[in-house]
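Below: the structure, in structure tokens.
Letters are used for the chains, namely A, B, C and D, taken in the order the chains are written, and counting of residues starts over at 1 for each.
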Amino acid sequence: MSKKFKIVTIGGGSSYTPELVEGIIKRYDKIPVTELWLVDVEAGREKLETVGALAKRMVKKAGVPIEIHLSYDRREALKDADFVTIQLRVGQLAARALDERIPLKHGVIGQETNGAGGLFKALRTIPVILDICKEVEELCPDAWIINFTNPAGMVTEAALRYSNIKRFIGLCNIPIGMEMGIAKLLNVDYSRVRIDFAGLNHMVFGLEVYLDGVSVKEKVLEMIMDPANASFVKNIDAEEWAPEFLKGINVIPCSYHHYYYKTSEMLERALKDFESNETRAEVVQKIEESLFEKYRDETLDIKPPELEKRGGAYYSDAACRLISSIYNDTRDIQPLNTVNKGAISGLPYDGAVEVSCVITKDGPVPLTIGELPVPVRGLIQTIKSFEQTAIEAAVEGSREKAILALTINPLVANDKLAVAIVDEMLEAHKEYLPRFFN
Amino acid sequence: MSKKFKIVTIGGGSSYTPELVEGIIKRYDKIPVTELWLVDVEAGREKLETVGALAKRMVKKAGVPIEIHLSYDRREALKDADFVTIQLRVGQLAARALDERIPLKHGVIGQETNGAGGLFKALRTIPVILDICKEVEELCPDAWIINFTNPAGMVTEAALRYSNIKRFIGLCNIPIGMEMGIAKLLNVDYSRVRIDFAGLNHMVFGLEVYLDGVSVKEKVLEMIMDPANASFVKNIDAEEWAPEFLKGINVIPCSYHHYYYKTSEMLERALKDFESNETRAEVVQKIEESLFEKYRDETLDIKPPELEKRGGAYYSDAACRLISSIYNDTRDIQPLNTVNKGAISGLPYDGAVEVSCVITKDGPVPLTIGELPVPVRGLIQTIKSFEQTAIEAAVEGSREKAILALTINPLVANDKLAVAIVDEMLEAHKEYLPRFFN
Amino acid sequence: MSKKFKIVTIGGGSSYTPELVEGIIKRYDKIPVTELWLVDVEAGREKLETVGALAKRMVKKAGVPIEIHLSYDRREALKDADFVTIQLRVGQLAARALDERIPLKHGVIGQETNGAGGLFKALRTIPVILDICKEVEELCPDAWIINFTNPAGMVTEAALRYSNIKRFIGLCNIPIGMEMGIAKLLNVDYSRVRIDFAGLNHMVFGLEVYLDGVSVKEKVLEMIMDPANASFVKNIDAEEWAPEFLKGINVIPCSYHHYYYKTSEMLERALKDFESNETRAEVVQKIEESLFEKYRDETLDIKPPELEKRGGAYYSDAACRLISSIYNDTRDIQPLNTVNKGAISGLPYDGAVEVSCVITKDGPVPLTIGELPVPVRGLIQTIKSFEQTAIEAAVEGSREKAILALTINPLVANDKLAVAIVDEMLEAHKEYLPRFFN
Amino acid sequence: MSKKFKIVTIGGGSSYTPELVEGIIKRYDKIPVTELWLVDVEAGREKLETVGALAKRMVKKAGVPIEIHLSYDRREALKDADFVTIQLRVGQLAARALDERIPLKHGVIGQETNGAGGLFKALRTIPVILDICKEVEELCPDAWIINFTNPAGMVTEAALRYSNIKRFIGLCNIPIGMEMGIAKLLNVDYSRVRIDFAGLNHMVFGLEVYLDGVSVKEKVLEMIMDPANASFVKNIDAEEWAPEFLKGINVIPCSYHHYYYKTSEMLERALKDFESNETRAEVVQKIEESLFEKYRDETLDIKPPELEKRGGAYYSDAACRLISSIYNDTRDIQPLNTVNKGAISGLPYDGAVEVSCVITKDGPVPLTIGELPVPVRGLIQTIKSFEQTAIEAAVEGSREKAILALTINPLVANDKLAVAIVDEMLEAHKEYLPRFFN
């Protein structure tokens, strides 16, 4: 086991890192990591030190020979990496709060992936990701990049289209959460449930659900019609679905579909949070503070269970599972964001999709999905149009394209409102948008 | 000229008929019609008698040997027809008023093509159209059907998918109005302007605009940015566009795009009309009454100029132009609703699209459009999803699919609201929805 | 293990059956078969009795509780089957001899899949397969059909297009043989090699070759350039490839590609066999006789090793592997003939392709292949055109379409020659071609 | 008429030039050309002087104010051109003779478009065309290039893929000849016949034939079954078709299809010509000599009628027709080689196809063809694979790709033969293949 196996985590000071460390430790027999590099920006020094110290205690307690390195020099860290995970947040939670609050001021949902918030997160994040891709190309060209920075779909597509990196995978915990949630509804072990996923990030549908390989979709749809089961995935407090709608659409929606098929109710909730200063960013801010409080406890040498309540739970564990599958060529099936190549008919061949894939040492290979069901084609294509326009805006620093992206987004759908929101948000995030202000 | 040339107009009692008669008369050298049959239902007897009498006076004044036949027996009329035009309205204007007013009660735009109103107009109309198709198949299998009954796109697709009739063309005056409106802006004769149209009915974009064959798109976009030119097509009182949006989208929107890119403003206007009892159906009702008042004047022997103010102006003239182009194999270019066959990449091969076509004696052949611009793909695909789901609802009489269609429609976008609207409208239109109530 | 698990083998009197029985026995822990029905036509009674007796001795020796049933009544056998395997030969080996010899008389290769022989095998076989599909639909609608009757690609496509059966899988030993052959060249265990297969039956390419998940395609291509390794798959005595061609095409051809890229040499060999009465059918005839000689030995209670020398070796074992993967939802990867659904871009969506699939309890799901490499697109599409035309000829009993199929086939490529061959073969096979002679 | 209108003809010393001059003169009212530049290489000086003098006499006799310029400096000539026609022949007729004779020595047809001859003509020509494209980009970026240099399909695709020129149109006289030939069969004026063309250059099918807009395909197929009408297009002495084949394929083949559907007969003819030194190049050589003999006659001031017997007749006239249609935005339908953009489903979106187009001032717009008939898909795709591989060989100077192109070509279909032919031809054409010999 003396062969080098180096993982680099960009945004290593994240509160999620202990889950990642735990994920690596518990799979040590399958992924014999020799070095874990946690990298962050100077501004995050305190957090990185805290998380790094906890990581060292965890490794020590587990008795595995993994070196933990902390670094503020991305290039130094990337050198000869085997896997690079990315979980950064340009502008920290303060920027997310603006992403959520400014749109709400204008009466529309912010949302950090497919709404106005997601647009601006993309504008801030994509240039940084493209920089990382260039560095990876130079310093560790054979490494796999596993990104769970949101908006994960757009970030993946931007990397595929605007960098020379092909080994780039976007990872989201929503589809994994759906499998877990449905397993719980069915009262069976998670490993027995398999869903055929197809769509885009935060815009994914379960086209089929299998228990031990046999379709249970009808049964699951029935269960989800029960208001008590509406939020079978934890991360969004969902409204119940109209049973007629579920019967008609005949696929499993993801939690984010509440934004599109129940916009008014979701907006009402968000406005309530807005007024009580309890938007997601603000809630997360508090959770983070309490987590770091715990992390600083020098007697803590395991991942604290509270972390599982954080919305992004299972992300880091999913990343470890993915690393193990690639490293070991396991050929198991996982839902990922990768290049379409015709897996989903009607979506761009070269663009990113979220889809069930077989994981090989050579990367994910999408299962053939074929045509999407008629009723879901439009919304998925709309979000893909939004994504592509937003990515172009990010790469070109184009205000007009940002406005266009927001106008065609179903959560805004108004040209003048788009102008107002974009202009206010460009100003608010000026510091992190150099391509727009040169 | 003694060769039989028979045109049958279903819904012959329509107030538009005089335009059709005028269109035939003025093209008599190109389309030597021998018989024009105006057919209607018994309930429309008074209107048909009035319009028929006017038609006879017009023909007499013009001195052309066209026999005008009035009939309440569709089968008798269809026998050996060469062209069949359809301009019917199941449930008359009273039904249209419900289509508009019920959705507005629930806070959403009704609209007679792509909104809740359009859904119900489709549910009432499609079965009747499919009946006509069956009769045409039997009684005049070589005839061309030219339909301008709304929702024209859905009606065309329903006929293509659920009948054996291939010679079915959907006609809309919106793209023609766009060419005319832009010619007026450019202060040139209409014949010098050509637009590359692509999309769906009432969801069509002008991808390019040519003056004498040379692109003037940039110039036209600049002109449309001027608020004074926002409603360059007459049929909708439009709001002005944000110039950034027009620059970004870089194609010419149609007037109906205001509903999707300015939903809130359009809803506000509609609610105002709703409160003052001036929804479109109500306005049209008054226009119709005043038109029929005129038609009854036995000294009138031409199309009265007031007819041109009616929203559907040029429809009937466009139908005559199309009949002439088919009859004479003129190979000129006209925008029509016909089967896609790959003309517009990404839209269903077998479905109906609205697209610039070359008109031959063998029917319309779409010009190859290729990929739609990224920003418009989503909305067009969304309306296509809506159309296909609505057509299935109409054919199957499925309440669930009607609810699904409305939920995925961007003007509603809410499952529970869709349930409420559909249930109220099903009840209101019960009489005309036999497939739902058996 | 008392749960019924019934396999029905149509063409049970085949010399391959002992391999099938062995395959079931050795996987008994994974596929606890309770009944194996061997069905054949009356004309094959002697063979079926012989094979059936051997099967019973094998089962007895292995000590597994599998009932062996022999039947001449297909309907009785099919009742409530779980899996149906098809390995029939309409007209026996005598018909195959005609398939090979008549075309050779006219100076072209016969070949039992993609040549003139394959056309006539399709014409004889497809109607019988469609009959079986109808019976399965009635008697055991949930059963999976696994067909290894040639031409396996056309038979699969015919079933998918002209029957109501969806659970129909075509199986060929060529791609499996390629994996085995390459493993042998690399001197590694077969399980460590994986090939991305794409194409059609007997027209499949290995787009990539992996050893433990890492591409070794370049290395394998180098090895195949060595004349000693040209026939790395056993079933065809192959000529060596021009190294420039292999470098240029940059994918792994299958053994049948020799017919298309070395037509003249292959024809020369075939003509030599023709003259010495050693065409494949004649050789197989002798092997068969000697095998049945052995099978009749009442002390024999295992599969005799000589069977492995027969061209179709591993077919039956592959069938057992596939049954096990479906039954146990193993999600492993196997090359199969199934519906494309967009897995291979550019080939018909609804047609059959031979492609690497993940095997689930719900059937095979193709891995997404994307665009075929430019140089192989043409030939694959040509054979697909041939297949589709031949299937239509079979279903309609159309002499013209049979002639057309042969004219567009690259091994004939001549309209008048096609007429001559088709007419002679129609006459020769008259007895088995009822759709052509009514 | 004082506005500059400049046409540049590259390869101006061609024997076809008088037809071009005549075409311009007779359309002078529609295309008021002010300057015609005939450009050639120094080696062709004598021919250019001869042709140029004749052109001047023709213009003078016609009394039209067109300046004729002769030039050996391509850049000087291209400056500010409005249209550029290309009719060059790298290596003159001597090279063509090699293209035909060397393959025949190896027992395969040479052929100057889709066979081994066409491959080498492409290898010699494409780099020169790409140079011209660069010069056009610099010196007359708004000019339209109309190319009739063979292989016209490959040349067009090479320009579209490997230059920045979009205004590049490939023109062939085969489809025009088909319309003329069928008009003659039907004994009607050519203008009344219209064919829906689809395919590739010299691989085009007439999917439908209309007389006055009404399909007469069945009738035309019947007529072509008559051996007397087999060569209804003049340029190839064709064998008769098997009627069953024509009935089966149900589209109109072009004359070049004899090479693919009657390879052996065509080869036999070619071998006879080879032995009697009457290959096409040799025949053309003699015709050329006799034409130039005539051109030198200083009393000649019209196009001599003998020119119409030359295989390429109507090419130049077709070019004039096309120039007129573009210049005047006539929107008439002509068969051309242009970018597919989805017009023909299943062929590459960005590649060149030969297809019926509407001609506008903005260039040709293909009519939507949709799916090709199943039986012709394979051969068309095969030739497209050949074309794409050959173009890559030409651009990269790759011997391996040249060998691959020839191996996948149905007229060769043998890897070792491909090696032998390519190596002999590379050597023979060395002088004109700088990319292969550096």
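Here is the rule we go by: a residue touches a chain if its C-beta (ideal position, glycine included) is under 8 Å from a C-beta of that chain, and two chains touch if they have at least 3 such contacts.
In this text the structure is predicted, and so the values were computed from the model without any measurement.
A.B. asks: Name, by label, each chain that touches both members of the pair chain B and chain D.
C.D. replies: The shared contacts of chain B and chain D amount to nothing, since no chain touches both.
A.B. asks: How many Å are there between the centre of chain A and the centre of chain D, using C-alpha atoms for each centre?
C.D. replies: The mean C-alpha positions of chain A and chain D differ by 55 Å.
A.B. asks: Can you give the whole-Å distance between the Cα centres of chain C and chain D?
C.D. replies: Chain C and chain D have C-alpha centres separated by 45 Å.
A.B. asks: Which parts of chain B, given as residue numbers and ranges, touch two or more other chains?
C.D. replies: none
A.B. asks: So how do the chains connect up here, line, ring, star, complete, or something else (other)?
C.D. replies: Chain contacts: single closed ring, each chain with exactly two partners.
A.B. asks: Once the touch criterion is applied, which pairs of chains come out as touching?
C.D. replies: A-B, A-C, B-D, C-D
A.B. asks: In the complex formed with chain B, which residues of chain D make contact?
C.D. replies: 194, 208, 210, 212-215, 329, 331-333, 340-343, 345, 349, 358, 360-362, 365-371
A.B. asks: For the complex, which residues does chain B have touching chain A?
C.D. replies: Interface residues on chain B, with respect to chain A: 241-242, 244-245, 247-249, 260-265, 346, 374-379, 381-386, 388-389, 398-401, 403-405, 407-408, 410, 413-419.
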